[in-house]
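Questions regarding the structure given below will be posed in turn.
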Amino acid sequence: SKKNKEITKVSYRLKWLFNTSVAGDIYADVNGFFAGEGLDVEVKEGGPERDAIKELEMGHAHFGVASADQVIRAVSKGAPIVVIAQLFQINPLQWIYRSNETKINNVEDLKGKIIGITFGGNDETIMRALLSKYSISEDKLNFFSVRYDYTPFYERRVALWPVYRNAEGVIIGDKLDTAKEPVSFFDPNNYGIHFVANSVITTQNMIKQHPETVKIFITALIKAWNEALNPANSDKTVEAIHKVDKDTPLDIIRRQLDITRQLMKPTDKTVFGSIDVNAWKETERIMIEQKLISAPVNIEKRLRKEF
Amino acid sequence: MIECKNINYKYHGTQYPVFNDLSCKIDEPGFHALFGLSGVGKSTLARLIAGQLDGFTGKIDNKTGKIFYSYNLERLPGWSSVGEHIAKVTPVQNKNRINEIIESFGLSSCIDSGFSHLSLGQRNRINLARYLLQDFDFLIMDESLANVDEATREQIIFKIKDMYPQKTFLYISHSVAEVSMFCKNIIVLRSFQKSPQSLTVLGQDDTTGKSVERKNLEKTMLEIVNVS
Amino acid sequence: MIECKNINYKYHGTQYPVFNDLSCKIDEPGFHALFGLSGVGKSTLARLIAGQLDGFTGKIDNKTGKIFYSYNLERLPGWSSVGEHIAKVTPVQNKNRINEIIESFGLSSCIDSGFSHLSLGQRNRINLARYLLQDFDFLIMDESLANVDEATREQIIFKIKDMYPQKTFLYISHSVAEVSMFCKNIIVLRSFQKSPQSLTVLGQDDTTGKSVERKNLEKTMLEIVNVS
Amino acid sequence: MFHKRLYQFVFIYILGIGFLFLIKKVLNLSDYVIPSPVEIYETGRKVFLRYIPDVLNTLSVAIIGHVLSIFMATIIGIISRLSNWIGSFIKTAAFNIQAYPIVAVAPIIFILLGDGLSSRLLIAAMICYFPLLLSFIGILSEPVVDIEHFYVHSGKMRWQLEVKIRAFENMNKLVTVISGSATLAMVGTIVSEFIGASSGIGYSIRIALYQSDLAKILIALFLIGIFTSLYLAFLEWLGRIVVRKWEHNS
Amino acid sequence: MFHKRLYQFVFIYILGIGFLFLIKKVLNLSDYVIPSPVEIYETGRKVFLRYIPDVLNTLSVAIIGHVLSIFMATIIGIISRLSNWIGSFIKTAAFNIQAYPIVAVAPIIFILLGDGLSSRLLIAAMICYFPLLLSFIGILSEPVVDIEHFYVHSGKMRWQLEVKIRAFENMNKLVTVISGSATLAMVGTIVSEFIGASSGIGYSIRIALYQSDLAKILIALFLIGIFTSLYLAFLEWLGRIVVRKWEHNS
């Protein structure tokens, strides 16, 4: 019937700028993974003011990448979206600090420090969840409102600064390395906070009306990601990324890729893209706890694992 | 045809009135004058008659039709030559008069210039010319020829009287000789403290072909000076 | 004291010159006139003498001292009354003349008004008054009294001649009778096609207390009209 | 006067919201993309009072920034009257600085000034001074010959007088530009708060934006509109008084 | 003329950079806060040529946006001459819309219009039309009595004529505002690229900012300055021609 007619031309809105975090997406595009399956996919860059979920609803895109807190918030407001793959198994959001000046060996060590927080961002949620888990009251430490530039951290007005471990983490770390200032990263994952990061999403409508398209898309995408993250294809991946991310030098991309691999495929056994239902439930729980959503949304019902 | 009855007028924020129970009238077509010392209220009366001021008491009866008010500080827009402007604002039925007026006003050499490139007297004349080309019934000329030389002024007045015998003009000028010579009635405006505030003197109403006796002219002039 | 020698001048973008080998001079203090048909170049010559135009050939010799150029379209700023403005721009040594000038110019009732609330003739007079209160040697009055009535004008001219017997004035006016009566020399400016382009006629130079014979006046007037 | 501005603003705001609801209806969008009226109302109840001090904070910075930039624009306008190299140079500098998008320059400003009030003020002023500057240059560099002639001629012209004459003759235009640029001061402050500060309504908007909470943004925009309208109305009232007073004198 | 603008800009730029270096020296800041001259030079060599097409891309959008907003401002300016409710309403609407910081409104624009050229254009136009509007309103709503008298009096006044008269009498001011607002069109485009687009120099600045690469930003600012100066010089040249032509006629 007409309703079930599959479409071949789709667009895919990423969450962020072209960089190593979207290695597989670029790889798929450049190496014809979609075209090979008869799909014409327009891979569109994301950005700070971009919201893939809204674009899916508006019909500007068919697939997209969104962070888990975005997804849960949208579902709580009735957005008809479905998660079809989870990109990061470990949340890349970590805090960078100068290891020779700041010593952090456990959560207690955060006390008395000035910590950068993007108010309203998911680093705030993660940090609050961590503090609540360890029963540390917020008046024991100082939050600093984070903005685009790193100067307060550079100038040592802030001790810990939130970064994406696999993206800015490498670049900023590199800059400080050059200045002979060793850095470390504070990773909430190590302290039992499993807050899901980016996932691939689509709409319920797409799944209902064009199930084949969705299947072909996600299969090709996961295949591409697996190849992109395969150390044997490292050079090929790095080159593909550099083509669209000219501003980042090759060697940095290479190191970013290594770290990305650890966050997306922490072990050899990890199946890329697998959805960690428990982590999603925890994420939802944290958000309820922090009153970011008012009622449970049963997020597990929106996780589509099989195709 | 135009009658002002018991007009009282005072500018906002001033101490003394300009008009105190002023009455005057113009009851036939032709070339009339409004005369008086500087600051006595000629321009104010002209603007009242033209309907450009309100806030007065009394009554202004207009049975003439369309009144136009021209004054000597008016300017023409700068984007084309004065000739083009004149052609543009002249109603079709009066187009045939353009050349006649331009020539007799001594403006032939100016029509290709921009307004801002004219001498003062040329500006006066161009401005007056465009008013004469409108379909007016009553035209107030507030010092409209103030910066034109006497010879040209005379020529222009004769021309106007020739061309528009059925229309009414109210000519404001500071030349006693001129208004005595060329005007039918001269309304002499006086200080608001005097009563009546205006008196009408009969002028010589000179036209081309007619000659005015010197004695009569001097009598009129004297009369004007006496009542002023 | 001021001498123009062989002046040639043409406005940019125009076809004909305004001056073609014009020479004229004013060689004594007093009240002189510049006369001519509208558009003949009086204002242009005035601006040349005042140093406000360049691009002419020939020579202008100024041995008089400080030249001022006043014209009838000037305005005073609007933020205070004309009286305050006058007080402000008058050099200390001339302050004592303010009242005399204001009174004899018939401006007493205006000094508390803003400039934009004055009649045309009042504006003319206020403007001229402030120039007379400067330390000038030579004052050009370009139709500076054009919108003032004849009686007041006469009074003003007498006053000026009384007060400033040692200074030089160049009075531009369109009234033949007036320039003939009050001026020493009348420089009559003519079309650039005529040679010489200017002629000087001797006037009656009337002052208070002196009386001019009617016959002489008429002779001067005729002479001016003849050479124009 | 004040009433009229407010009514007009509320009317426009309702139009805008209505338009959003229409789109929501037509495209059948979820509350996530465009919040429901109920959600907006609920959010309004929750944050309205909390946002008011934020807006007032922003407004006060905006007003100071506005005054500051009127000042700056006046000075540059006066300098650029000079036809020499310095005047032209200052004018170019003023133009070039404006050509830099605040988002690119803001980091440098924050490096230099820190993230206190001064950065916010500077950015607010930078954004609103340019329209002022343009008008001021336009007005202050055009002679009013019939008035200036006497002063120039008699050697009495001082730059203060020249500025006064030209400003006075263009009073209405100045009032329009000054009161109009008030909204830009507000915008500038909000942008600077959005980019870097940690107080003010712009900061609240940024947080709401991170949370994809359009309802909060709509409430914030409502409050911004109300207070901007009030400030505008106040300036217009002031302008009318000044104009009337000056015209009365003249 | 063109040369002069360029020289002046380069001089200002060097002044600015020098000032940064001075601060770096005085506060003893490290290379990652403010890059060293060598690093700037190296970065310049690498990205200069790559940024040129980006800037040209931005410039072309800016020019279209500029023309668009001149158009918009003219229309609103004309409408707001009407002294009735509609005129005042449209004026309020124009003011209120401007009072909304683009950073808050841009997401809504992107949601509604997608990320094509149209969003970029709209944002560029929104940012630069306001100064234009303010001046246009100021100029178009002030009668030139001595010229308009005849037309009003003789019943010949049409709104087109009224606009023409007032615009002509204020030609110099208009040219200043129009050429000046060109830089704002540039700013608007850059901001929109920064927020949402995926091409243009604003996009490149955003990337550099996320990488905390001030050297690249400085190079980008240099190029923006150069091309903006050129556009400005071009507009001023055009303005002079127009003014001369009109003045010649008059």
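A, B, C, D and E label the chains in the order they appear, each numbered from 1.
FYI, a contact is a pair of C-beta atoms (placed from the backbone, for glycine too) under 8 Å apart; a residue touches a chain by one contact, two chains touch by 3 or more.
All values derive from a computational prediction rather than experimental measurement.
Student: What chains do chain C and chain E have as common neighbours?
Tutor: Correct list: B, D.
Student: Give me the chains shared as neighbours by chain A and chain B.
Tutor: Intersection of chain A and chain B contact lists gives E.
Student: At the interface of chain D with chain E, does the proportion of residue numbers present on both copies reach over half, so same, or stay under half, so different?
Tutor: Mostly the same residues.
Student: If you tally contacting C-beta pairs for every chain pair, which pair wins?
Tutor: Chains D-E share more contact pairs than any other pair.
Student: Between chain D and chain E, what distance separates the C-alpha centroids? Give it in angstrom.
Tutor: Between these chains, centre-to-centre, one finds 16 Å.
Student: In angstrom, rounded to a whole number, how far apart do the mean CA points of chain C and chain D lie?
Tutor: Result: the chain centres lie 51 Å from each other.
Student: As a quick test, compute the distance in whole Å between the mean CA positions of chain A and chain D.
Tutor: So the centroids are 38 Å from each other.
Student: Could you say which residues in chain E touch two or more other chains, in rising order?
Tutor: In chain E, residues 33, 103, 107, 111-112, 195, 206, 209 touch at least two other chains, as defined above.
Student: For chain A, write out the residues touching at least two other chains, lowest number first.
Tutor: In chain A, 49, 51, 54, 58, 148-149, 151 touch at least two other chains.
Student: Among the residues of chain C, which are close enough to touch at least two other chains?
Tutor: Only 13, 73, 117 qualify.
Student: For this entry, which pairs of chains touch?
Tutor: A-D, A-E, B-C, B-E, C-D, D-E
Student: Enumerate the contact residues on chain C facing chain B in the complex.
Tutor: Residues 11, 13-14, 16, 36-39, 41-43, 72-73, 106, 109-110, 113, 117-122, 124-125, 143, 146-153, 174-177, 225, 228 of chain C touch chain B in their complex.
Student: Sort out for me which residues of chain E touch chain B in the complex.
Tutor: So the residues of chain E in touch with chain B come to 146-147, 149-151, 153-154, 156, 164-165, 168-169, 246-247, 249-250.
Student: Write out the stretch or stretches of chain D touching chain A in their complex.
Tutor: 27, 29-33, 35, 39, 106-107, 110-111, 115, 195-196, 198, 203, 206-212
Student: Across the complex, what residues on chain C touch chain D?
Tutor: On the chain C side, the touching residues are 50, 68-71, 73-81, 89, 114-117, 127, 130-131, 134.
Student: Note which residues of chain D are touching chain E in the complex, please.
Tutor: Touch list, chain D to chain E: 4-5, 8-9, 11-13, 23, 33, 88-89, 92-93, 95-105, 107-108, 111-112, 130-131, 133-135, 137-139, 141-142, 172-174, 176-177, 180-181, 183-184, 186-187, 190-191, 194-195, 202, 205, 209, 214, 217, 220-221, 224-225, 228-229, 232.
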